[in-house]
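Residue numbering begins at 1 within each chain, and the chains themselves are lettered A, B, C and D in the order written.
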Amino acid sequence: MRTQEITVNLGPQHPSTHGVFRLVIHLDGEVATGGTSVLGYLHRGLEKLAESRTYPQFIPYTDRLDYLASMSNNLAYVQTVEKLMGIEVPERAEYLRVIFAELQRIASHMVGVGTFVMDLGAVTAVFYPFIHREKILDLFSMTCGGRLTYNYMRIGGLSHDIPEEFLPKLQEFLDYMRTALEEYHQLVTGNEIFLARTKGVGVITKEMAMSYGLSGPNVRASGVCYDVRKAHPYGIYDRFNFNVPVFESGDTFDRYMVRMIEMEESVKIIRQAIKDLPEGPVLGKVPKLIKPPAGEVYHSIENPKGELGFYIVSDGSPKPYRLHIRRPSFVNLGVLEEIIKGWKVADVIAILASLDIVLGEVDG
Amino acid sequence: MYGSGVVKGLALTLKKFFSKKITEQYPEERPFIDHRWRGSLQLDKDACICCNMCVNACPNGVITLESGKDENNKRFLTRYEVNFERCLVCGLCVEACPKQCLKFTREYELATYFRDDVKLGLYHNPKLSAPSSTYAQKTEQKKEG
Amino acid sequence: MSVLDNLFVKIAALVRTTLTGLGLGDIWVNLAMVILYLAGILGVMITAALVLVLVERKIAGFIQLRPGPNRVGPWGSLQTVADTIKLLTKEDIIPACADRKVFMLAPVLVLVPTILAFAVIPFGKGMIATDVNIGIFYLIAVSSLATIPFLMAGWSSNNKYSLLGGMRAVAQMVSYEVPMVFSLLGVVMIVGSLQMSAIVEAQSKVWFVLLQPVAFLIYVIAATAECNRAPFDIPEGESELVAGVFTEYTGMKWALFFLAEYANLVLVSAIATTMFLGGWHGPVLPGWFWFFIKTSIMIFFFMWMRWTFPRVRVDHLMHFGWKFLVPLSLANIFITGIGVYLYKTIGW
Amino acid sequence: MENNIHALIKDSFPELEIQEGHLQVSPEQLAKLMDFLKENGFAYLHDVTAVDWPQHFTVVYQVRSYEKPDKLTVKVNVAKDKPVVPSMTGLWDSADWLEREVYDMFGIEFTGHPNLKRILLDESFMGYPLRKDFIG
């Protein structure tokens, strides 16, 4: 019998491309024989924009990279500039930064996990994580007045101190998180259909993960124990006690599990940070005009999606000469074309979702 | 046992089916807006010293500030306009203001029917200012008519 | 009590006597009655679909900790009406490269088997449109026709997503027809008749769900797959195939598919009630009300499942159907056969 | 640890100088050096980017190790009139997209790249936007 391969455009408008991502897949019946990623639908030229903005002015733009993890993006950027200028950050600000970055990690993983399970067809499983995430957003908006784009970190510290009612609310949230995660495990993790759909699907081997330069939960699911917080501790992460979850098989289930466990670990870190949170100012001594000395710096942090790096070249003027963003989603997405081969359409969607990309970051 | 995960899931959703709903009934129930909420902008025009700090702080250049000088060589404001269309609502202008005369309001219903209405004319004194922008004229006309 | 119980039967009898009184011949009276029954079934079906759309959205909402539609009318009760008006007034788009005739025919045909199948469902004592003595046989034969409109829709849309969806629909419905039929066979063996009224009558003492628990489970799973509902909604599979076979359908045509989906849901729930849950048998309340309650519980169960589970992958679905459900249902038939034989020979 | 790898590089490439944690190499040396780094545990090509200096382009590679906390910056200067660098796709698969992005934004060619096309911008886009002389 003569059969014909068909080419299907997944995206840029499709319910599960997580934004404006286009994947052209070739199908032999239900099985994908290959695919090509087409990016750039959300390319805003942030790197070029940065060249005509002053250093503090670029902070709000970093919000728009991975818009599910604006706090972490802020943190990566301001730490890079601080490193370039040698600015000291007050202790209290350092602790608060950790608290916010970890809260942001939980919020981002909530969306990552929720949308992943939704792409497997369980619609209810996306509502519960969003309800939990809402509580984090409440904490954020209480502190900095924004729910999505926070613009909270400043070069040398933070824009505001936390309000009085923040810490009790945060404690409440951390206690709530335990039941929330348990419930989610009850709903999703043990479900036989879910297991059948995810176990052994879209395997990224250790070698493949390393060669494709994956980072974040994706690489840790493939048996590589690499977490920037441990490997190259930034800020005050060396003071905290936490585990880095590593799974061996590198399938979609492991990528899901890494995120679930990471949320628990983040809760641990936040609890330690609250315990040690010192009093004091939240903004250090920073010159009025941010004018880093000529030179260059590269700095990267562990973002929820992977390793976010900023490369800044300064010529001594108040505007960066060149600013490059190493976007984890962009690099992580590179492996997709390779790993979808031989999987069904339904799995292609699951694999894409399990990589947990955000198009704002992929396209930069 | 095989199938227990499925049953557990069903048990959870049934529990949720009977638990309290969390939806805010928006137009009737107003949401709680935090005190630090970055909503619309508000200008205390008498306190403004026309130092242009906010204009310089804005990453997108959405603020237009026009001023004149009186007989004592003191600056006074003639026009202050924020093009909210391209505003990032980052708050750098509010932070930059040395007199704290630019503030965020807790207003959050900022959608408008017409594109021109998105622009925020915070202050405009037509008698004092040089030829005003098209936008300013339009709002004037609207108010008169 | 018996007045309420026989309410609809009495009405039918009254109509019949009136018609005979008017001096019409027997053939004409029978024809008129058939049309009336059909109208009644259609009415029930469409009202049920309209109500169920709302109920489904409410159940989804409640499970997801939100109130569901609650803006149009009290408790959102007019939401479906508003939606229907919207769908009726929508532009009816036919893709340029679609096979027009087939494309337009598919949504109409999809309703036919379901309506036909309702003819043999006993809604209450004596409330059955045509009590043919091959009731189940007829039911299975008619309901398996529903596959064809899906394929027609998928093929004629000339859209790759639709085609994939249509192919999936055929594969799924053909496979799940088998275990479904086998699961019903157990009941037939116990009763010894294919007539629906006889099956309900046989359950006056004990419901077949107790005698045939495995068959009931198989039936529920196969029925979910038969009416393409989550977790077996792969022909639609919105996260994979956008909307599967329905991708190109708009307005009223799409609404017809939607209507058929809910009519199908009512149908499989009604069959489950008739075959396993004792049909209209029940104490105190009138029979048709018991039937209504049991069917509603089944429908709730189907909806509850839908809003809990992830979607099954297409090949797992096939494996599960052919490698697990079919052997299991065959084993069930075998054991039932032994049971029936023992019952008859030893007289247990 | 860092000194360790620095010493190792010194041994194999005596002519290279490590300044402030980065290695400056010529395009001809690049392939050999990268091969050597990959052999010695730098399994993670973290980032590839470029800077447009008035006289030349600099392609900047961030190479890292997953197991050890080693990191290294490798820089290559390329001429403005003929910006060509050997591609690293043979060593690391991550180089594929990263190099395509550099090509897209700077027009630097990576010889040996299997699929050197624009990645973020449209195929029909004219010019290379991150060059300083680009007028939008």
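The working rule: a contact is a pair of C-beta atoms (placed from the backbone, for glycine too) under 8 Å apart; a residue touches a chain by one contact, two chains touch by 3 or more.
In this text the structure is predicted, and so the values were computed from the model without any measurement.
Between chain C and chain D, the least number of touching-chain steps is 2. The chains touching chain B as well as chain C are A. Centrality by Cα centroid goes to chain A.
When each chain is reduced to the average of its Cα atoms, D sits farthest from chain C.
The centroid of the Cα atoms in chain A and the matching centroid in chain B are 28 Å apart. Look at where the CA atoms of chain A average out and do the same for chain D: the two points lie 25 Å apart.
Between chain B and chain D, the centres computed from C-alpha atoms are 44 Å apart. Contacts with at least two other chains are made by residues 124, 131, 187-188, 191, 193-194 of chain A. Touching of two or more other chains is recorded for no residue of chain D. Those residues of chain B in touch with two or more other chains are numbered 6, 9, 12-13, 22.
Contacts between chains, counted with the stated touch criterion, involve the pairs A-B, A-C, A-D, B-C. Interface of chain C with chain A (complex): residues 60, 63-66, 160-161, 164, 168, 230-231, 233-234, 237-242, 307-316.
Looking at the complex, you find that chain A touches chain D at residues 39-40, 43, 45, 47-48, 208, 210-214, 219, 224-226, 231-232, 296, 298, 300, 307, 309, 311, 313, 321-322, 324, 326, 330-331, 333-335, 338, 363-364. Considering their complex, residues 53, 56-61, 63, 124, 131, 141-146, 149, 151, 159-160, 163, 183, 186-195 of chain A touch chain B. For chain D in complex with chain A, the touching residues are 43-47, 49, 51-52, 60, 62, 66-67, 69, 71, 73, 92-94, 96-98, 101, 105, 119-122, 129-130.
Here chain C touches chain B in the complex through residues 59, 61-67, 70, 304-305, 307-309, going by the rule given at the top.
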